[in-house]
Structure formats: structure tokens, C-alpha cells
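So, here's a batch of structures to check.
One chain, subunit A, links the two complexes that follow: it is found with subunit B in the first and with subunit C in the second.
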Partner chain A sequence: MTSTTMNSTESKQLPPYPAPTAQSMCAFLAEYATRLFSSGATCIRLEKNVTRIAAAFGMEAEMSILPRHISISVVCPGSGHSFTSVSAIREYPISFAVNAGLSRLSWDIADNHPDFSIIQQRFAEICSSPAVPRGALLLLVPLANAAFCRLFGGDAVAMAVVFAATYAGYLFKQLLGERGIDYRLTVIICAFISSVLAAADGLFGLGTTPQIAVGTAVLYLVPGIPFINSFCDMLDRHYLCAFGRMTHALVITACLSLGLCGGMMLMGLSMF
Partner chain B sequence: MSTQLIIWCSVAAIVLAAIVARVAAAARRHHRHMHIIEIGREWEEIYIPGDKLIKDDFDYDEFDGE
Partner chain C sequence: MLTEILQDAFFAAIAAIGFAAISNPPRAAYLYCALIAAAGHSLRYAMMSVPTHGLHIVPATLLAALLIGFMAVLLSPRCRVPAETFLYPSLLPMIPGIYAYKGFGGLVMCIYRGSESTFSHYFYIFASNSLTCFFILLAMAIGATIPMFMMKKITFTATR
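Right after this comes the complex of A and B.
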């Protein structure tokens, strides 16, 4: 197929195995791109990886990335066949392990040209790789938040209060997530719980920095990755995707503020 | 009791209940056949050197001392 029309330089780089058809490559790349996007990759990484994989098999790939869908067209220059696939972006938890694994896979394809069936197998393995245990997360996230509290000048009591408040909030985040509750509602509830519990520092007169405890107890809900990715996409002129990600991050931040303000109001804490 | 304290205690109680429920669910998953309360005999818990072992050639009832 492709190898018949390639020149001698390019044919040396082609895989020793029979190359996949443009249709199967298009289907694979659509799945690859949606998974990479869901794992927290920026648009520029998506474009580079997809183009790299397609080029390894002597094909060309063009894609348009929308906030909820990805459209990929794969062209086989030899046969002139082209296929287009539009796939919806599914909700997956952001995972740097999957992100790095898929990028590594694209480089491996470009460098070593493995068989297409092996590529698909490795893709499935990366996607099904185990996530960080929930119990470990439930311990590490409050620890990180307590460290933030210290960075902002909180005392030891405030750190302990933030740890407990974050633990409770994150536990509810996991519980509500398991039950498929809307993420925005989850953020409101978790911010409310964490802010109310963190108010214990001032309510019982435990420490000297109660305002820092309340302020830092909800930091684990800040959508940092969508904010960063939206700026990266904007720099790469993916304005539509950047706007979509920014809007999502702002909505989550608004929900966080709603829960925090509700908690502070009920606990009689002033905002300024 | 002030309103703030009531709210704080209510939220803390809900969180505590969630933690207890989760721990109980996890314990039930891992020890499906474990009973919280069981009625047994003292020799099942306390072994004194010289006691006969159950697994040998003694019947369960025979070993009971009768």
C-alpha cells in the first residue's frame, strides 16, 4: 500500500510488518487522542504525538480539537485513501502516568516501528494501568494541603486542622464520585464541609492563624491542571479549546467559592 | 450552644458517620466470613503446653473433655 509509492529514503523507515490500513489507523488515533486529551494533555502534545504515530507508518494526520470532540483525518498518500473519525471525549481522571505512557508509546512507534497489533496491545495496557490507590490519595492530599497551610504561614494547629478538614472533604469527594454525582455539586459540598470543619481553629480558639486554616482547607479543589492547560492552549493558538478549558475551570472555581462562602457565612467568619 | 457550634458538630457527625460506614464496608469486604461476636470454648483461644491437638486423631466432641 504505502510502501509502493514511497521513495527509497522513506521506505527504509517503514515498519517490517504489514502496515495498517488508513481506516484502522484512523480508528486507533481517534481512541489514542481522546484518551490522551482526557488524561490532561495539552493540544500541542496531542498534535505532535498523533502526527508522529501517523508519520511512522507513512501516513498524514490532521486533527481539529474541540472542547468535547476530536476530529481526525488520516490520509494515506500512496493509495490516496483518507478516513475521518469524530470521537467524543469521555471523562477520565487526570493521570500523568497515562499521559507519559502514551507519549512514550508514540516515541517507541516512531523509533522502533513495532507491529500494529503490539501497539494496540500496549495502548490497552497503558489505559488499564492501575491508578494511585484511593487510600493513599486520601492520605497524601491532606498532607499536601497541610503543607500549603504552612507555606501560607499557618501554625502547627492550623496544619492539623487543615489536614482533618481536607481528609473529610476529600473522603466525600471520593464517595460522591463513586455514586456518579455531578462534579460541580460535589465541589460545592466538599468546599462547604472543609471550610466548616476548618473553622474549628477559630471556633474553639485552638491556634493563632484560623483564617489561614479556612483559606487553605479548600485548595485541593482548585482546578489547577485545566487552568494551566488552557493557558498552554492559548499560547499555541488553540483558542477554542483554551476557552473551553478556561470556562470549565472557572465554573469549578465558582462552585468552590460558593461552598467556601456558604461555610464561612454559617460559621460567622468575615471574608475581609 | 451557639449556632456555629451546632453546625460544626452536625457536619463533624456526618463526616464521622461516613468514615465509620466506609471502614465497616471495607472490613466487610475483606473479612466476609468474620463474625464480630462469636461463642467459643476457652481451649480454642488458650493453648497450654500438653494440651491435645484437635487435628490429630481426636474427634471434635471427644476432645471436649468428656
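Right after this comes the complex of A and C.
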């Protein structure tokens, strides 16, 4: 991460306003980095954005990214002052709107050097950007899973069953999420509900592809983004973070399998 | 054949839009996610469906993921979003869900069935499906991330 700090074109001009202190910059960058991480950014993007912001104020930033914490050190070359901040990564739903907004903010800081108070205000605005409405998600996710079922060779009945099973499972996911239930437990319960409902296709002899219906009904719970982010981090030699993300994804997959297995056992379904 | 490829592209696009919604992207990104997923998934389908010379699902996934990766990186500056915004929802329709399901089923049946011959049968189902699932995931991840590292400048200035 050393090559991108001070030698880039991003830091040609210093801001016309009084620069923030290294201490306040360090606190801001710690908050920025943890929020960007939670929104689904990879480690390389985190490093690029954080060093870009620090360089825009004539400072250098170094960071170490751990699975649950981020440590940032900011050095002010003129005064020689340096500050270190260690922040816990809080759990937020993955949001590419926040990810994109924070990345744009870093470029705006590098190119236009806005006042530090304006930066903080814009950061708060981006972080509070609205999520996709619940109702829209309850339509789009089951529709996507039904399309998924078709891609795997499911017939029209299987698609309809998967739509209903996903609708019920996703509704429970939202309700349990609102009540602050542990995400792993939520995944087990939702996979159980979806697989029990999807078993209707086979139990009542509705269609010709009942196995595809059961197999697809739980796929909306697959942690695709942590899986792919872990590979991306691995390619960038962030092995510890890659391992953390991969382990998290595997734990969620195990919970999903547990719920699916429970649902099938209850319904007396054989997997083959 | 063409109708089947178009159908595949259509359903992949719907799947991509739905899965994109879970990760709350900017509104302008939905159309690109649908387009990229349709192109990638239908390419994989076409490569696997060529009579007598159809590719195996793993190399076909690798090539489709490469296409998705290149399209995501090259189109991301148009929307001023990180390439990942397009990349992940477009890749998700290729997740090997049925292989994972059958692999897991084989494992469960291994535990339940006692005799050596049935155990060997289900262990074969478990191993072949799990390995295929693993290599598809690997091909997806490697194929999609290589373009990001090949075109780092575009990838990390897309939001400028």
C-alpha cells in the first residue's frame, strides 16, 4: 500500500481550507474504512480510497485490515505527528450504493479538496442513503430465485413453488433481521421454511422437477459476495482477511445446509 | 438453439436484477447487471451446448466469468460505480447450486446408508458433485477478478 500514498497525481494540490489535524483525519478515516468494509468493498479498494483521502490533505495513511477490526495510522509529514486508530467493524447490510458513494467521495476529496466539515456531512449523508424498499425486495428476490430454478432446468410448476417458498423465507429473513436475531440462526430458520414449502412440489406430485425446486428454493441465502470478495482479497495477498471472509461464507453455507436438511427430514424427502 | 440461448439470457437477467436488489446498488446499475449477466450466462450455455464439441461446465464458466469481469470493469465508469457492483449480481446466476445440493445430499446419504456398496455409490455422488461445485466457484472467482487486476486503472478510477 506504500506506492499509492504521496507520489500520485491525486495529491498535487493541498486544500484551500485549514487542513484537519492528523488526529481528526485518523478518526474520520477509521470510520470511513469500517463503513466501506461493511458495505462489501474489497481490501484493495479500501486501501486505495483511504490513502487517496489522506494524500489529498498531505498526509500518509497506513492500515492493517483484520476480519473484525481495522487499524489505521495517519502520519503528518510536516509536523511528524502520527496517530493510530483501531476500529471494530460493525455489521451493516451489504450496500453497493454506499460503496459507490464512498468511493466517489474519495475522488471528490482528491480532486476538489472540499472543507473537512463538508466531507463529514457528505459521509453521513452517504451512510444514511435509503435501502431498497422491503416490498420491492419481496417481489424481486423470489422472482430471481424462480428464474434461477428455470436456469437449472426446473419446470413452470417448480418455478411457482420456488417463488412462494422464497417469498415466505425472505419475509422471515426480514422479520428476524428486524428483531436482531443472530444471522446464522436466521439462515437456518429461513432455509428450513423455504425447503419445507418447496417440498410441496414433490409431495403433491405437482410438477416433473421436484428436486430442482427444493435445491433452488434456498439459494437466495448463498453468501455469494463474501465468497467472491475472499478470492479477490486472496489475489491481492490479503490472506488473513480472505480467510476470514471465506470462513464466514462457509459458516453461512453450513447453516443453510442444516436448515435444508432439517426441512427435508421433516417432510420425509429423500435427496435422490 | 437460438431460442434456448435467448431464454437463458432472459432468465439470467431476471435473476441478476433480483440478486442485485439484495446488495442495494444505485438504480442505474440494474440495467447493466441484467445485460452483463445475460451475456455471461448465455455465453456459457452456448459453449456447453455446441453439438459434439460442447465445453465442460468448468472451462465454460471460466470463460463466461472472464467476459463478465471485462464487461463489468469496462462499463463501470459509465455509471460511476465500482466494478464489483455489476460483477457480483451478474455472477450469481452461475452459482452451482444444484451441484452443491447434490454434493450435500450425497454426504448425508453416506452417513445414513450402512453397506459398503451403497456407501461407495453415495460417496461418489458426494465427491463428484462437490468437486465440480468447488471448481465452478473457483473458475467464477478467478475469471471475474482477473480483469479487475488487469485493468486496475479503470477499476479504481471508475467512480471519479
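Note that the second predicted complex is superposed on the first by the 259 of 272 C-alpha atoms of A that agree within 3 Å, B and C clash if a C-alpha of one lies under 4 Å from a C-alpha of the other, contacts with A are read in each partner's own complex, and residues count from 1 in each chain.
Assume a contact is a pair of C-beta atoms (placed from the backbone, for glycine too) under 8 Å apart; a residue touches a chain by one contact, two chains touch by 3 or more.
In this text the structure is predicted, and so the values were computed from the model without any measurement.
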Next on the checklist: Going by the contact rule set out at the top, does A:Leu175 touch subunit B (first), subunit C (second), both, or neither?
Outcome noted: first
Next on the checklist: With both complexes superposed on chain A, which partner does A:Thr216 reach: first (subunit B), second (subunit C), both or neither?
Outcome noted: second
Checklist entry - Is A:Gly268 contacted by the first partner subunit B, the second partner subunit C, both or neither? => result first
Item to check | subunit B versus subunit C as contact partner of A:Val196, first or second or both or neither | outcome: first
Next on the checklist: Contacts for A:Met246 in the overlay, against subunit B (first) and subunit C (second): which applies, first, second, both or neither?
Outcome noted: neither
Checklist entry - Who contacts more of subunit A, subunit B or subunit C? => result C
Checklist entry - Now for A:Ala100: first (subunit B), second (subunit C), both, or neither, which partner does it touch? => result second
Checklist entry - Taking the two structures together, which residues of subunit A meet both subunit B and subunit C? => result none
Checklist entry - Which positions of subunit A touch subunit C when the two form their complex? => result 40-42, 44-45, 48, 93-100, 103-104, 106-107, 111, 131-132, 136-137, 140-145, 147-148, 150-152, 211-212, 214-216, 219-220, 222, 224-225, 227-229, 231-232, 235-236, 253, 257, 260-261, 271-272
Item to check | In the complex, subunit C residues that touch subunit A | outcome: 8, 11-12, 14-19, 21-26, 29, 41, 80-82, 84-85, 87-88, 91-93, 95, 97-98, 100-102, 104-106, 108-109, 125, 137-138, 140-142, 144-145, 148-149, 156-160
Checklist outcome for this item: subunit B partner, complex, touching residues on subunit A are 168, 171-172, 175, 193, 196-197, 199-200, 203, 266-268
Checklist entry - Can you list the subunit B residues touching subunit A in their complex? => result 3-5, 7-8, 11-12, 14-15, 18-19, 22
